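Shared chain: chain A. Partners: chain B in the first complex, chain C in the second.
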Partner chain A sequence: MTPANVDTLPFNRGRQAREAEVMLDKLVDEFTDNPAAMAYFYDLFRRVYIQGEALERPAAPQVGMTCIQVPEELIYAVGATPVRLCNGAYHYDQIGADFMPAKSCSLVKATLGRLQDQEMGVPRVGKLDMIVNPSTCDQKKKAGAMMEEMGYAVHHLEFPNVKESEAARIYWQRSVRDFAVQLQKLTGKRLTRKRLNQAMARTRRAQTAFRALHNLRKQAPSVVLGKDVFLVTNAYFFDDLERWTDAVEALVAELKERAAAGFNAAQRKAPRILFTGSPPVFPNLKLPLLIEEAGGVVVADETCSANRMLYDMPVVDEWLVNHMVDSLADHYLKPCTCPIFTRNDDRCRRLLDLVRDFEADGVVYQAYSGCQVYEMEQRSVGKVLNEAGIPMLYVETDYSPDDMGQLSTRIEAFLESIKTRKRQRAASGGQA
Partner chain B sequence: MNWFVGIDIGSTAIKAALVDGDGQLVGVHVTDSGSLFHKNAKAALQALLDGHGLQREQVSYLIATGYGRKLFKEADDSISEITANAIGAHEAGKAHGGVRTIINIGGQDSKAIQIDDQGTVVNFAMNDKCAAGTGRFLDVAAANLDIDLEQLGDYHFNGKGAPLTINSTCTVFAESEIIGLLANGHGKEEIVAGIHYSIAKRTLRLAKRVGIEDRVYFDGGPALNRGLVAALQDELQRELVVPEHPQTTTAFGAAILARAEWLAERRGV
Partner chain C sequence: MTSRLRRAVDNVDLQRFRFWFQAAAFVLFVYGGYLAVDLGNSLPMFSCGYNQEGRAGVCYLLPLQHQLSRPWPQLFGWAGIGVLTGFATFFLWFIVLNKGWCGFMCPLGTLQDWLTSLRKRLGIRYSLYGEQAFNRLTWVKFVLLALMFLIPLAIGGGLLSHDWGAPFCQICPGRVILPLFTADPLQLTIDYSSIGTLVLTGLGMFIAGLFLVGAFIKKRFFCFFCPMSALHYLISKPALLKLKKDGDKCTKCGNCFNVCDMEIRAIADDLERKDIMTDDCTLCLKCVAACPEPGALKVEFARINIFQATEEGFLKRMNKGAGHDACKR
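So, the complex of A and B:
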């Protein structure tokens, strides 16, 4: 089948494709020395987002997820295929505005906007037999009900808004057990210890590959740019698990060679940035792109579209499958640093750890306008980082590209101030 | 003699500043950005040089800043307007005993910048994607009231009653609020004062985000409006340092940096 020409697509799809093309061209062409192994991912995004190619999926039932709090190991274990639905297109954000108030989060609106076009919405994932919608923030909760109205079978995965208490833990374990029951009904396949172990081995291999990539980013000078890592993690949303893992392993192997050859992905003095807050999802990689266009390098992130999704790998082994499910539930609750929790000291700790381990010079904190929980947490996070002597740039934005000029000014000023401070510190250190 | 130029290509106006070999400000030139701002920027540079009988070749180093900085290929380098503003205010503030906080209200954005005693940016905040509380807001309001932008200051002080409350922070909503107040028979003077206080309150919130430390320097085109200055002093509960040419502080900063860069490059050779 020949890929569709962007110009001959119906108006709506053409707009979506053009938006993706503009972003992908920037991510690829504005940078020199892109890793050869990234070609797999560039090509994947070109086919899926620009040419609107339908994803090849196994014949098994398909389960859509609107959040990383869904234990995907359970989905694989009953023979179904998970696909993450969180969408990053401004085009779909505008369509989603028909469902949600104008001032709500771009990500939630775009996800709804994408789901509204069941057949041809991009990425074209095919028929969704179930959508799992964890009850995290208010907007996602209400979005779940709207997905039902669109005709989807939605499982509302109840999620506590406290994670320290035993009551929350038990509540969540029950909720996950219930989800496991629903999944078995969906596929007609029983969840067994063996199947769950096999599923966990598959995701663990993917997570191991990601962790190797993640750890490579600790190197100074950097061997890989953040914009590429965001594409890699974003591909995990919809790509075939094994194919994705192979591609990441190939990338890691190439980056290790580059590191051994003393390769620099950015200038030697490029400020090292830790990215946190609302998750960048292609094509909205606006802010990471602006940081790296301005000469910074994103060395790590604390977002649910990347690091938070893949970093922790479960190794669960219990005698009974029910106990395994409970342990898996714990694994999804305890390390989660989502801002919907009442207290979130963990997130601050994680950020400080990442700053230290990745030698970050500063933090860029993105909040999508209308994402109240991220907007509110920026105060406490900013305070903690400030006390640790780490500058933070807080940016409130959305999917629309029209603030890119203003944002580039702020980012450049932020990077300039980091550089000046480092120079001053070096100068005063030299005198002392 | 060596000369250095900083050119600040903003959304509303293009500002150029000329500095001599000793780093002293020699002259400034301000012109509207218009729609052809690259052409206008070149014209502004030419006008500045003509005014002092200089040729382009006599300018040893030129730094561009502002929204149009990257498109101005005639410059040797570019810098963000936040850094340039900090350098300019630090230098200009020395005569006033040093400044630590800068409030800048421009044509389409407003900023609060905190600097250390070296003039280095410590922290800054900028309005997010909205023209509320910026120069554009004053433009729109003045047009609604059918008065000249330059007259806003006079109107502010001529009110007989208390400043009216303008609740909307959105420029478009505030416009309809102003029309409503006019329709209810309120005086233009009280409305103007209300607009100034509305901007001042919003600016205070922005400044609080970075922390307000003495002395506070206020620049950007709207700093020419003495009514706004008074409202801002009232809200901040502080005396503001307002320079003689508030529009050109950022261009001046870029010119100072041009001189510093030129000296550094020469040392390097």
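So, the complex of A and C:
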């Protein structure tokens, strides 16, 4: 799209808005019995992504984050507002392609593409006073330097690529402390015990709500579809923390009623799917959508746009600023199952645990082409799941909608094979 | 009904429960003697024998060292029976609570926790050993334990004079500090009568000072070097109270390690071991209270689950902890 088009067309006729509208309409209209409390989120995405509404934000400095490894409690505590920049639009992916080699990750490209447009980039948060870019994978590291070239003030948050060693832990704690200093310079507000405590209480409330939602997905039959939960966690990227938490609590309350009434949000005997790998970010929810259109239900996930972002909770032994900051640092490093780390036994264990807890019948593993770390872990994860007798479908894809037809065939076949397996197992169990 | 009780227990405010439990135990073992409480002289923690008026029983290490310094013919003859019955009594006391004696009963442990509270109130940050120092120092308690056996044996064999008697008690901060609680300052002295007593009581005074400073800046400073803790660990296998870990449920978030007074890494990193109590553990159960993963850590008594990590309990305790802090400010 040329800049001329942007000027002449109303926002909702732009390619980004069209793409978002197509996806949102599918997510909403192709399913009956959407929870009433989801209306908040459908509406939010419609306003932000399709109508291009600017988000109501406090007048405080805006801090963009390119990864879940950024301790957002520190940002809230110094009076700034965080926004997660990881983008899911194919439109921005194409714009961002100018910066990165052809075979690189859609998410990184889309994030760069979105940042090209300071003013109208969606979600619209106004001027970004700082972008925090943790040194995780190679592509994100390099993207950070490019953001600097675009004129953004970038803080390169140094992140270790090994997490077991004590050296890595200490290094990361220092890095987080340094980040806290930078933040205080940005807002001119001191990081005090009281402010950090309040900020942590706010995120804890949000995490508590998320955990309640997460736990409800253990229900069989399912009370909620995965596509809705992905929308909910995606909204966490940019929504006001309290409004988001209120909306999730309302959703949880409604789902509890559903559970009590024995409601089934999916088809009868719908295969229960655990989703892992590259993070689905709206509007690119095509894979979860395809799974649920084909009659499966995503009951849990292990991705950094949902579960990994909100599940683990920090603990504080002594409520003194230094200790709280170190605790936060540990919390953002130790339980992380990101594939950028040298080893990833933790990710495999986490997947097995989720399969057990959520009674998942199979795993769908999404890797964005060019996201080498997820591509490389495919083998080891597949092996572990295979040994545990859990079927896995590995899907290499990107933000382009072109492969949806082909993917839907593969997913249908995968779900069908799971159903057949279950039938056979039930039959042989009956005989024995 | 049982499920409601279960929930109430798992939601317990462990910090508060422990505070009152420890306070009660402290009063019992330091002042119980005035009420004629006498639990014998084989207790598996520092109910100090030098606190002659107030003690409600005697730490086993005192009689043990005395017994071991008997002349060898006696020790390996009829007196051996006394040693064995003493040990058997000690063992029976011990297996009930395992190292829970350290985390909940020991007056010297409680005293350290009080110093920690004082430091917290003053807003002073704690110090840590760090991994390297931890690995180097964790052996000290076993060396002290070995010396505690060898020196009395050497006395009994005539290799050392009786001035070296009860060597561990002489250097134990409990001997110097605990009698002070019953207004008995007699142990606050250095005994110049011989080289042996001079060295030991001098060391004792020094270590008592170190204990107070150390425990102020480092949580449970002394427990790291405690030979009683080493002895506990060696006989802990058949104990009834157990700390269990289910590695499959662990997300390795490190919360348990983060709150551990003893800096025990294995609690977070070891996924294989089911019986996760290590040699340095004091069974204070803070790790269980800090774990948000249901059932990943639990406490069993005679194989019955009596307290376990739950999400609800974790959140309750965290919200409460944060609230306490807000009140203080």
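What we mean here is this: the second predicted complex is superposed on the first by the 417 of 432 C-alpha atoms of A that agree within 3 Å, B and C clash if a C-alpha of one lies under 4 Å from a C-alpha of the other, contacts with A are read in each partner's own complex, and residues count from 1 in each chain.
Heads up, the rule we're going with is that a contact is a pair of C-beta atoms (placed from the backbone, for glycine too) under 8 Å apart; a residue touches a chain by one contact, two chains touch by 3 or more.
Given the structure is predicted, the values throughout are model-derived calculations rather than measurements.
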Worksheet item: Between chain B (first) and chain C (second), which, if any, makes contact with A:241: first, second, both or neither?
Response: neither
Item to complete: Please work out whether A:350 is in contact with chain B alone, chain C alone, both, or neither, and reply first, second, both or neither.
Response: second
Worksheet entry | Contacts of A:197 with chain B and chain C, given as first, second, both or neither | second
Item to complete: State whether A:315 touches chain B only (first), chain C only (second), both chains, or neither.
Response: second
Worksheet item: Which partner, chain B or chain C, is in contact with more residues of chain A?
Response: C
Discussion item. Which partner chains sit in contact with A:208 here, chain B, chain C, both or neither? Use first/second/both/neither.
Written reply: second
Worksheet item: So, A:60: does it touch chain B (first), chain C (second), both, or neither?
Response: neither
Practice prompt. Using the touch definition from the top, say if A:153 reaches chain B (first), chain C (second), both or neither.
Written response: neither
Worksheet item: Is A:405 in contact with chain B, with chain C, with both, or with neither (first, second, both, neither)?
Response: first
Worksheet item: Just which bits of chain A does chain B share with chain C as contact spots?
Response: none
Worksheet item: chain C touches which residues of chain A in the complex?
Response: 164, 166, 193-194, 197, 200-201, 204, 208, 211, 215, 311-320, 322-323, 327, 330-331, 334-335, 346, 349-350, 352-353, 356
Practice prompt. Write out the stretch or stretches of chain B touching chain A in their complex.
Written response: 67, 79-83, 109, 118, 120-126, 128-129
Worksheet item: Okay, in this complex, where on chain C does chain A touch?
Response: 120, 123, 125-126, 130-131, 247-255, 258-259, 268-269, 271, 286, 290, 292, 311, 314-315, 318-319, 321-322, 324-326, 329
Item to complete: State the interface residues of chain A toward chain B in the complex, per the touch definition above.
Response: 369, 391, 394-397, 402-403, 405-406, 409-410, 412-414, 416-417, 420-421, 424
